[in-house]
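Attaching a single structure in structure tokens format; questions to follow.
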């Protein structure tokens, strides 16, 4: 009994909400709300810049570029644009744009020289801007590298998990595939925890039960893997009907980790199936086939395909 | 008895100081003094530059920038500023500042050209400075990336550890929370070692005793975790009163490590509670609550809150 | 029997193809064909750029450089080359090439200034190009670092695996060597899985059987290691003749991993021997010898050398 | 007996050389000679550039800078220095040096513009050089970062290992200290293997025997650790005299690894003591003391100090 107790807290608490909701979102984040004073929580800016989408990141870079340049344009303009020689035109409009273009040329260190600082003030501001510019690009280098080199497992999960016939009984199964065509994973390991409500002295409490897998780890993961939990007497699923799954608000929480061969780094990914995403009585259709040369092929389109079976 | 012996050295020595002091400081460093000849110890400059505060680092960059530029300014000035053409003004003051601005333009590789080297000497110095400049910025890129990408677990510890009622007995407990809003940790593992003075043949000797935890490792760490050491007959805390804790100068040394999902790296953190930071007879107040939508929320502000209880 | 079952899926499926082919290619990739809708599979561009050959990568950089510069040349040219002052010559041909050289000088941020933007349009395009230029080189920095720092084990495998006399019986053996002269590996671990066809109820099914090694892991890997699987009663090879190996389409799948001392990273490598690459009845010739100073030397040229023996 | 056999190969071979020499050098490299055809072995250039000393690296950078610039200087000069405008002076000497300075200004992308390309040929060469320049500095960035961020454990080993009295018997001991003042290591693990000659059927063969340590791993490594192998009946050192150690050409091979807190990376280090570096009958002097404030201090200068004792 102790081993069951062991997983029973898990940081999600045992309280059940009046509104049913999943514990792990489809994007692998935890579905939990935080209340906190600002001094307690914190956000890593680097984390955010590295994990945001490319659209947001590009926008961030452009905004950053404009804000810095407008700032320095104002500095040149209000400390006297006559400190810059080579600006064509004599209107204020021309002077402002001349200052702006000089700023962009300084910030990117291209420094054509057609516009150049002549006063000490302008020269000093330009020295500062070029230094900030190069440091900014140093930062950009780090961020771009951080974004690109961040290891990711991109796994494709079957749309549904299933309760399938297995040997003389049943098994809980789901299927994963490696989405990436050009990366390979070794030592892929899977752990599944079942979150379900249990009646303890008349109170419904959420408990977390680890599920024993037929095969916890595979040495090679060429493309697909069907994870299989046989439902025997030791399984927390033993004797549970489809209705029981629903009433206990069951959620299957999954943690997968493996070793990415290309980058020699351990990578991991989270996923979950709620009871609504589990098909009771089904069998996965094989992804294996033969091509016209007689070679074995795997059809990724079939990853979620199953057929209904009766027990 | 052997397993107890096993942790008994631990690199802190068994000697007790006349002045009581903690073994692990609140900033997670070890509270120990070194005596050494300079040839024995060493300091990694990169370590220092990557771990210093941002204020110090910014100051370092600015000082570095000025030192290099003043140095090259002097080189241009004393090898004859007439090697630079385009300097406006004819006073020594103008020539010195002209040399300085030329230096900044060369060092940052902006190179406007309004001031440019004409003599072989000035051209050579400029070639050297631009090379040093780019290498300097290469260095800055590495340092900035090193600073940003350094994995950190920012954990919030409850202000106090507590001795709480647990089942039919007592337990040593403390609570942690993930401070970072945008990072998630898997496979969080905790190890606690109790450092206490023990009377061995009349001599007080400091011994280190590992504490068995109810749950050593959690697969998911969404936000909070209460670490729990049940005080049973095998516990080094068995039968110890509040006074015993004080007299044995007890310190609970904590090592936590987990796998950061965003950067796919193992991260770890140290902490400790001295006997003065342990509340004898208390119970943590739950951090879980419900928001107005009926969703479960965790209140980080409550992480250190407990209520006194009698045994 | 359960432990045998455990490795029986392994993601390669149990179907046998009409055409015999190896499971792991000589370049360590998996020999499996994918069928997929484009939305399912994906390719990491960074993965590709970091793992492609240096020839392809150099070509990619040159093509990238030309495409960007031609693009911007056209922008300058068609928005009016008169926006650029300093172009020598007056023919369209001169103007186009002037625009092109201005573009290269802007993109690399060298910005001589002999050609410089004078109109607002040209200045704006130049500002954009210099920004893209620096970001492009930031990217190049990341890619070059990613390519260089990617940890690799470069292992040399003996051309053949052998079935050798061992103690009173036989053993399956192959030999590896560290190709790299200037890197060292600790904690080298080897796992071998035998893929073979087995007759189950009249159907030939491919099964995967782990092979027990005499020594699974070595602490130090100075240069060579002979991996040895003794063929005892528990071995899936027990009682198999050379003909059996062929008929069961045997393939020995190998996973090696170790800790690279220089970069402090775990590295791994895959390899396989098909039955055609296994010599039945042979003994490896020792790679150890003495040089003229009496010092032990290892001769890498002998790594694949064996002599035939009869059982 | 099997467990003893298990370590008996280890990649050093069993052959003994006529000339006695250590297996692991003091710089942690393996003392073994390779013979190989050039196609078999290979060297990672990045490995070399990252691990060479700073003096060599600086020299490499300077040589690289000069070679590239001289090369491009010749290109400009021999394709006609009149393609460059702005060179002062008319002698060939002036033209050559003008070409050289133009080359340095292009390579570093400083591009003053006082000398600038006017012909198509010179413009094209300059476009190429600036591109190579920026890529070169991209490379430099990667190399500098690789050099700085390479994790290192800098451990101080006691000059000698000792055979010390321990409980009722003896123990093999040595002492290590963390040289770095500003880095901390967790989960420090030590493994010791004894290499010694053994008489097997009249032939002296080198065998490798693992030594059981009293404490294999420590959670915290604040500064020093005395590694201790008790010599009991199961120890390969059981019953060996000082003379036996010498005659068996004993060498104690050490592998240490731990987790660097600052960089969150596993680091490891190798070391060895030959029989000549083992003191038979000695006791380490404690490194612990008290400073004038009564605080415990560790004296690194005492790390190698011992006193002779009789058994």
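Before moving on, here are some points about what is shown:
In this document, chain identifiers A, B, C and D correspond to the written order of the chains, with residue numbering beginning at 1 in each.
Convention: a contact is a pair of C-beta atoms (placed from the backbone, for glycine too) under 8 Å apart; a residue touches a chain by one contact, two chains touch by 3 or more.
Owing to the predicted nature of the structure, the values given are computational and were not obtained by experimental measurement.
Least step count on the touch graph, chain B to chain C: 1. Across the assembly, the mean Cα position most removed from that of chain C is the one of B.
Under half of the residue numbers at the interface between copies chain C and chain D are found on both sides, making the touching surfaces mostly different.
Note on chain placement: the centre of chain A and the centre of chain D lie 37 Å apart, centres being C-alpha means.
Chain centres here are Cα means. That of chain B falls 26 Å from that of chain D. Annotation for chain C: residues touching 2 or more other chains are 105, 109-113, 141, 145. The residues of chain C lying in touch with chain B in their complex are 109, 111-113, 141.
Across the interface of their complex, chain C is touched by residues 61, 65, 88, 97, 101, 104-105, 108-114, 137, 140-141, 144-145, 148-149, 152, 154, 156, 177, 179-184, 186-187, 214-215, 218-226, 259, 261-265, 286-291, 293-301, 303 of chain A. Every residue of chain D that touches chain C in the complex is listed here, in rising order: 5-7, 9-13, 15-19, 21, 23-24, 28-30, 32-37, 40-44, 46-48, 50-51, 85, 105-106, 109-113, 116-118, 120, 123-124, 126-127, 130-131, 133-135, 138-139, 141-143, 145-146, 150-151, 191, 193, 253, 255, 257, 265-268, 270.
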